[in-house]
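One structure coming up, written as structure tokens, with questions to follow.
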Amino acid sequence: MSEFRMPSLGADMEAGLLVAWQKKPGDKVRRGETIAEVETDKGIIEIESFADGTLEKIVVPEGERVPVGTLLALIQTADEAATPTASAAPAVVPPASATPPPRGAPSPAVTGELVPTSSASTIPRRAVSPAARRKASELGVNVDQLPGTGPGGAVTLDDVQRAASAAPPPTAAPPPAPMTDAERAARMRQTIAAAMSRSKREIPHYYLSHTIDLEPALAWLARENERRAVTERLLYGVLLLKAVALALRETPELNAIWERDRAVTRPDIHVGTAIALRQGGLIAPALHHTDRKSLDELMAGFRDLVNRTRTGGLRSSELSDPTITVTSLGERGVEAVFGIIYPPQTAIVGFGKVVERPWSIGGQIVSRRVITASLSADHRVTDGHRGGLFLSAVERLLQEPDKL
Amino acid sequence: MSRITYREAVKAGLREALIGDPHVFLMGEDVGRYGGAYACSKGFLEEFGPERIRDTPLCESTFVGAGIGAALGGMRPIVEVMTVNFSLLALDQIVNNAATLRHMSGGQFSVPLVVRMATGGGRQLAAQHSHSLEVWYAHVPGIQVVAPATVTDARHMLGLALREPDPVFIFEHALLYPMEGELDESPPADLLHAAIRRPGNDVTVVTYGGSLWKCLQAAETLAKSGVEAEVIDLRSLRPLDMPTVLASVARTHRAVIVDEGWKTCSLAAEISAGIMEGGFYDLDAPVARVCSIEAPMPYAKHLEDAALPQPEGIVSAVMNLVGRHV
Amino acid sequence: MTADEIRLTVLRLLGNIAPEADPARLRPNVNLRDQLDIDSMDFLNFAISLHKEFRIEIPERDYPQLATIDGCVDYVQGNGSNGKGESDK
């Protein structure tokens, strides 16, 4: 049995509101498939399954806000389903009343009861509060079939009384009063405040910057976009994203998470992209497998991420997977960005605006369009030397844009 | 009714006791010339003289022991210990003498001693001045332990304690001294009964001392979500008024215990066990506890705040219990 | 399509891109990026919506002409806003 728990979707997420179940007990679920929607301080996130199997039981009902780590549902994994369940066993036991026991002989009723009891141990015992159990026996209500609305899905006094009065069971909790924009903005600020404070408290940052000649990349992009319809065009940000992902492949030490007392390198490259929200605040979801995607795929993925970030519907893995984030403030005229790492990631790459600068090439001063790339990185995980190699790789990759 | 501070209430109680009975005297570190570590006896040395307001050496076992001797000799001593952390130096006198002599003498001796001490954290005094060790005393048969949480109890509990034939320990949460409240001039009926400070039907919140105000604040927050918490102030920590707690749980079916002590082997644990023994079939959810985290009290403000029970933690403990019944 | 009709359509498309904007307060001859919180992705999406709405082709080098509302109106008029623009390549 696989346990489906409230995931942590950011360094400082403490709890989430279960908005909706997209699967019901008995439904097949695949690894990576969305099975629930959860509202966090950063909006509504789709939560994915980590296992293949069948949704066995929903523990936390819709409308409930629970801390990170709370058991939400049980998933029977595919290999478990292959073995016959013990709960089928009682069917072969003859009813105790079928043959009246001879006087003085050991009662078969005793053995008849033993079988279901032992098989029941493989099914989680129905949690019923003591008060509910007492009330159920007073009112003659069978608690085994009642939906539980108490802590951990336990059957409560109210559930029993509702069943006894034949009132319809609650479908979902009354939704909490919707947050106002001001409350939402305040929550967003609190979340960012907590994450950034933690970062500056725990992560020893080092900062590097590197001015990169962007002329080849921009010239290539202009030629490329010239022959593309407006719907197919690329933004130069996508080139930067791809260059960062490929540079990360060359310096895998940076593609890591600091866990307890060591850096754990991640096999896949998922680069987060900082996306500003119109009402203030930002979210940095991942473009999965950034290094393996073509520029067109990245452009489509980026467009989709911007859209979903602003309208809701990000997926849990998009928030938990990045090891590094790319942020660009150049559109607002910033020359260089010295970012704060978003925990538990280990680096943030910042890009400033594209500016024309005198540039010396082979002793000749020419005018080139350049961009300042900066790296804020976790000094526990890497040293400046490695960070420098990484930024150099970004620069080199951007000199051959057709290979990106 | 009049509005006074908790400190003024304690002082008024002391003054009344000193005026009302010539056998009463006050003894402790800095109670005389300095006027008390928490200024509860300011001006008393001038008013009552050095015979009755006695500064003692910094030696808790000596002056608590002297108090026991004076009580045995027919006096009515009030001993002030600066904080419960320091009182551990006097544990031998308290546990082996004060608490036992009535029993060991077959009822021939009694020790009518009153010991007042400050307790609790929240003042950035770190790990040697901030703990809530009331439960150590509440564990010991032969003594009574009370915790005034309101100005009325701060004013009157001392007088009631002085009427007891056996040792009474009064724990005053140090954060409460500057707190203002409405004073009820008529004394409460006794030391033994818990008081319902806020009625409610959805959950019983059991607490005492300095945590009472955090619980009442949490109850106000909960009320905005439609959850009505009944807040019980235990007042007496030994003996515990379990009938009042159980009667409340029988109505609300849920209980949260808020105790500034450490959770392990706490008063909260004792009350929780008492609810299990006497109210199991009334419970609609597991009993929850909100206690201090299990670490010596930190000095840094934000860490101390995080270590102590806070209204937000009480609210979330209650919300977890009531779940969807909001 | 008259200039006013084009203008209304341009404002509606801008509203889709930046929903928080109040069209009545937008000044027609001031750079959109100075009046609205839009980035290059927003601008690209705006260009795409102009392309789809008016069925005109917009080469990237023409982007500067779309910097203001007046510029957009002129550009759309100059490129055959009668619905006979080039189709997608």
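All chains are identified by letter, namely A, B and C, in their written order; residue positions are counted from 1 within each chain.
Just so it is clear, contacts are C-beta pairs under 8 Å (C-beta built on N, C-alpha and C of every residue); 3 or more make two chains touch, one makes a residue touch a chain.
Everything quoted here is computed from the prediction, not taken from an experiment.
Student: If I average the CA coordinates per chain, which chain comes out farthest from chain A?
Tutor: Max centre-to-centre separation from chain A belongs to B.
Student: Determine the chain that sits nearest the middle of the structure, using the mean of its CA atoms as its centre.
Tutor: Of the chains present, the most centrally placed is A.
Student: Taking each chain's centre as the mean of its CA atoms, how far is chain B from chain C in angstrom?
Tutor: About 72 Å, centre to centre.
Student: From the mean C-alpha coordinate of chain A to that of chain C, what's the distance rounded to whole Å?
Tutor: Spacing between the chain centres: roughly 37 Å.
Student: Counting only Cα atoms for the centres, state how far chain A is from chain B in Å.
Tutor: Spacing between the chain centres: roughly 47 Å.
Student: Would you mind writing out the residues of chain C in touch with chain A in their complex?
Tutor: Interface residues on the chain C side: 18-20, 37, 39-41, 44-45, 47-48, 51, 57-61, 88-89.
Student: Within their complex, state which residues of chain A touch chain B.
Tutor: Result: residues 61, 63-65, 129-134, 149-151, 154, 156-158, 170, 173-174 of chain A touch chain B.
Student: Quick one: which bits of chain A touch chain C in the complex? Just the residue numbers, please.
Tutor: The touching residues are 222, 225-226, 229-231, 233, 235, 237, 276, 278-279, 302-303, 306, 331.
Student: Once bound in the complex, which stretches of chain B touch chain A?
Tutor: The touching residues are 253, 280-286, 319-321, 323-326.
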